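In the two assemblies presented below, chain A is common to both, partnered first by chain B and then by chain C.
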Partner chain A sequence: MDWRWDFTLDVVIPRLWEAAGVTVYATFASFLLALVGGLILMLLKTSKNRIVSIVVTEFIELIRATPLLVQIFFLFFLLPEVGITLPPLTSGIIAIALYNSTLCAEVYRAGLQAVPRGQWEAAMALNLSAYRTFRRIIIPQSLPPIVPALGNYLIAIFKETPLLSFVAVGEIMHASKLIGSEYYRFTEAVTIAGVFFLVMSLVSAQLVRLVETYLQRSIQR
Partner chain B sequence: MAGRIVAVVALTAFLFGLSFATFSELRIFLPAMLRGAVVTLQVSMLAAALFVVMSFLAGIAKDSGLRPVRWLAIAYIEVFRGTSLLVQLFWLYFVLPEFGIVLSPMLAGVLGVGLNFGAYGAEVVRGAMLAVPKGQHEASVALNLSERASLFRIVIPQAVVVMIPGMTNLTIELIKATALVSAVTLVDITYASVQQNQLHYRTLEIFTITVMLYYCFAQFVRFGGSALEDRFSRHLRRGH
Partner chain C sequence: MKEPKIQFEKVLKAYGDLKVLEDLDFHVDENEVVAIIGPSGSGKTTVLRVLMTLEGIQGGTILVDGEPLNVMRQGGRLVPAGTAHVRRIRSKIGMVFQNFNLFPHMTALENCIEAPVQTKGLTKAQATVEALELLAMVGLTDKRDHYPSQLSGGQQQRVAIARALAMRPEILLFDEPTSALDPEMVGEVLNVIRDLAKSGHYTILLVTHQMGFAREVADRVCFFDGGIVVEEGTPDDVFGNPQSDRLRHFLSKILEAT
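The block that comes next holds the complex of A and B.
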């Protein structure tokens, strides 16, 4: 094995650093879209209209049972055929957001169900408005289970962004593939990319844990 | 059972689509896609076997009394959960040859997927082992069972019932994750459909078939999981 530090410092790290911006952008853009999408899916799934709720439930099942990579390819190839031309990064973000919004919908639902029925009934007995019931009673109690789960999905999305390299989005994995094929040296580029992901996900897992304990304490007060 | 009906409908729809495809112009891309599906199945089965073995090894080792064993398990779990599967596959296929270990694409794919999911499965196994009441282990000590007999005859059989749902979900995730093995030049169903799409430009048909195939695989695993759960929890219903 010959690890070359000059190559690592002069070529690999600067180029991966540039690409890291795309990775972070894709992560947060898909996460924010997934948060909103999950809320919409959850509301549609619990809709009183049976047809809407059945269709949405089956749609969620289908999305969850198929690989994200297939969905990324599907959108990437299908959208131009129906006349929508988007840059690969955008269609990739949409695919990741769609996939994760089905997961977020479950998180929201579980969080709301964790609030005991009596809380709703008590709020009604005290004649609170729907807005105040949600704002003061339901949401504060459902946040502790929801937030850590969403944090874990943020980390999961971060680790899913390398899939975008399949549709030539210039994120970290794509950059290290390019370095590998330009210089015919994969060792440094792929290892540094791996270390980057490992460090980032360990740090963010710790952050999620901190937020979790903070929320637990604030609810007990 | 709603899931069963959905799966039967999905399967019929798939077979319908298959026959439709055979008798029309779509037949040109079907053989290549079925070859891809076979590769996906092969990788999934081998990787699933490795996944189960690694889950048990790492899950049991993480609570081992021996420190080095415990640290090894923790290092394995953190490294394989902390980095992307795609990075791991690349590393196995392109970087390991630098150390003199050359893997075939199939072996790299199976190792990558199996080891990655083994790290997730280890936590499922560990959680299930912790769910077995402590008194069971204490009782087996009182009955003078050896440590091994206590683990294999008392704790694990009870833990298996608890871990089946989690392991079923992970197996479905594993099948989905095999879509990544095209990174190590394996032509699985996903990559085959990309290739066929570039040849024939029939995105909707090709990818609908791919999606239905993955959906069917997932439903079969779900049935297998609930059948196993029934089998392993039979004694619970007998009422003792």
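The block that comes next holds the complex of A and C.
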């Protein structure tokens, strides 16, 4: 195999390093948005207003039934048609966040359902307010199943960010394609991009595991 | 005549077509201990659940101290009860569940102070003093810092009783408090309930399958079947001289089983 270390060290790594910042930024920005968006979708979906609940349920179905790449293209090329022009990175983050918020909504719902009915009833019999019941009784008990699932989505989002290269966001995959076409050498750039994803995934997985252990110790005895 | 502490008037509770309580008239006097017995599906647990407002009713009225639970007076008219109204009446009632329903992420002591601090406006220190007295009363002072998973079933149920008492209720509801317990733990829980019943400070509704215990502590025994009170009276009358076929049949089955 024809691998050039000087090229790797002088060109590939510095340029990918810069692009890695964009990847990490896009990952965490979409993840945080998805966490909040998922909560909102879950609350709307379980709303007592039937129309709201049905519309949101159908919307979630629509998002989940279409590929993320199509949604990224959709936001990027069609939003300007209705007068909203966003930078590629912003529209890309929104697309990834939207897609994952539908998944997070399901995680929240499952987490809440894992808390036995008797806990709600005990809280009610003790006259706790709705807010206190959530804050003190329900949420602490639903976190242990929710957190590992959300952690998996963080890693999944991270691996979805290369899709943003299709709308010319300067993340790591886009940068490695550019290097490849500039120098007619793909081996080094694509390999280093792959290694970067591997390392980051392993690090994040370890992070998620740490948070899980911490939660297990502090909440569920 | 003094008004009853709790009064059910033509109460209807249905799940779809299934009527669990049908035109139920039922009352409990202040500081009276009433045992409710009956076959499963007779609606006896539902009586406690609708009184605790865990579930709504489809018809009739439930009054506590003469005040309706499900409606309130506003500008001379009766309107559906608001949250504040329901919570005020609910604060008079404490409930002990078949499956304890302790909060698993809190210690015995924390279980007992959570609600008093949030809803009675007590400081944590005040609530702790009271909770420790109650834990002492149920014989669990040394378990104050244990989590529910570290306690036996009988101990968990005693913590649950202390937790209910910490709200200083006037009415106590016991929903088959010993049904989920191993036989050797039934006694310790019944002892606590017996003390509460004998104290005369509480209006108590006890749903139970422990016929001997019901006969011992209750002022009155009500036999439920098909969502209505089929027969009621003093324990000696109900157990010693049952009038209806259904009660006789029920008691003979229970005796067979024991």
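By our rule, the second predicted complex is superposed on the first by the 219 of 221 C-alpha atoms of A that agree within 3 Å, B and C clash if a C-alpha of one lies under 4 Å from a C-alpha of the other, contacts with A are read in each partner's own complex, and residues count from 1 in each chain.
As a working rule, a residue touches a chain if its C-beta (ideal position, glycine included) is under 8 Å from a C-beta of that chain, and two chains touch if they have at least 3 such contacts.
The structure displayed is predicted, hence computed values, not measured ones.
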Original post:
Thinking of the overlay built on chain A, is A:Arg136 touched by chain B (first), by chain C (second), by both, or by neither?
Top reply: second
Original post:
So, A:Leu207: does it touch chain B (first), chain C (second), both, or neither?
Top reply: neither
**OP:** State whether A:Lys159 touches chain B only (first), chain C only (second), both chains, or neither.
**Re:** first
**OP:** Give one of first, second, both or neither to describe whether A:Ala125 is in contact with chain B, with chain C, with both, or with none.
**Re:** second
**OP:** Could you tell me if A:Ala168 is touching chain B, chain C, both of them or neither one (first, second, both, neither)?
**Re:** neither
Subject >> Between chain B and chain C, more extensive residue contact with chain A >> reply: B
Original post:
Which of the two partners, first being chain B and second being chain C, lies in contact with A:Ile84: first, second, both, or neither?
Top reply: neither
Original post:
Looking at the overlay, does A:Val36 come into contact with chain B only (first), chain C only (second), both, or neither?
Top reply: neither
**OP:** Could you tell me if A:Ala193 is touching chain B, chain C, both of them or neither one (first, second, both, neither)?
**Re:** first
Original post:
Both chain B and chain C contact which residues of chain A?
Top reply: none
Subject >> Residue ranges of chain A touching chain C (in the complex, touch as defined) >> reply: 116, 118-119, 121-122, 124-129, 132, 136-137, 140-141, 219-221
Original post:
How about chain A: which of its residues touch chain B in the complex?
Top reply: 1-2, 58, 61-62, 65-70, 73-74, 77-78, 81, 159-160, 162-163, 165-166, 173, 176-177, 180, 186-187, 190-191, 193-194, 197-198, 201-202
**OP:** Please name which positions on chain B make contact with chain A in the complex.
**Re:** 6, 78-79, 81-88, 90-91, 94-95, 98-99, 172, 176-180, 182-183, 190, 193-194, 197, 201, 203-204, 207, 210-211, 214-215, 218-219
Subject >> Contacting residues of chain C [partner chain A, same complex] >> reply: 52-54, 87, 90-91, 93-95, 97, 99, 101-105, 114-115, 118-119, 147, 149-150, 163-164, 167
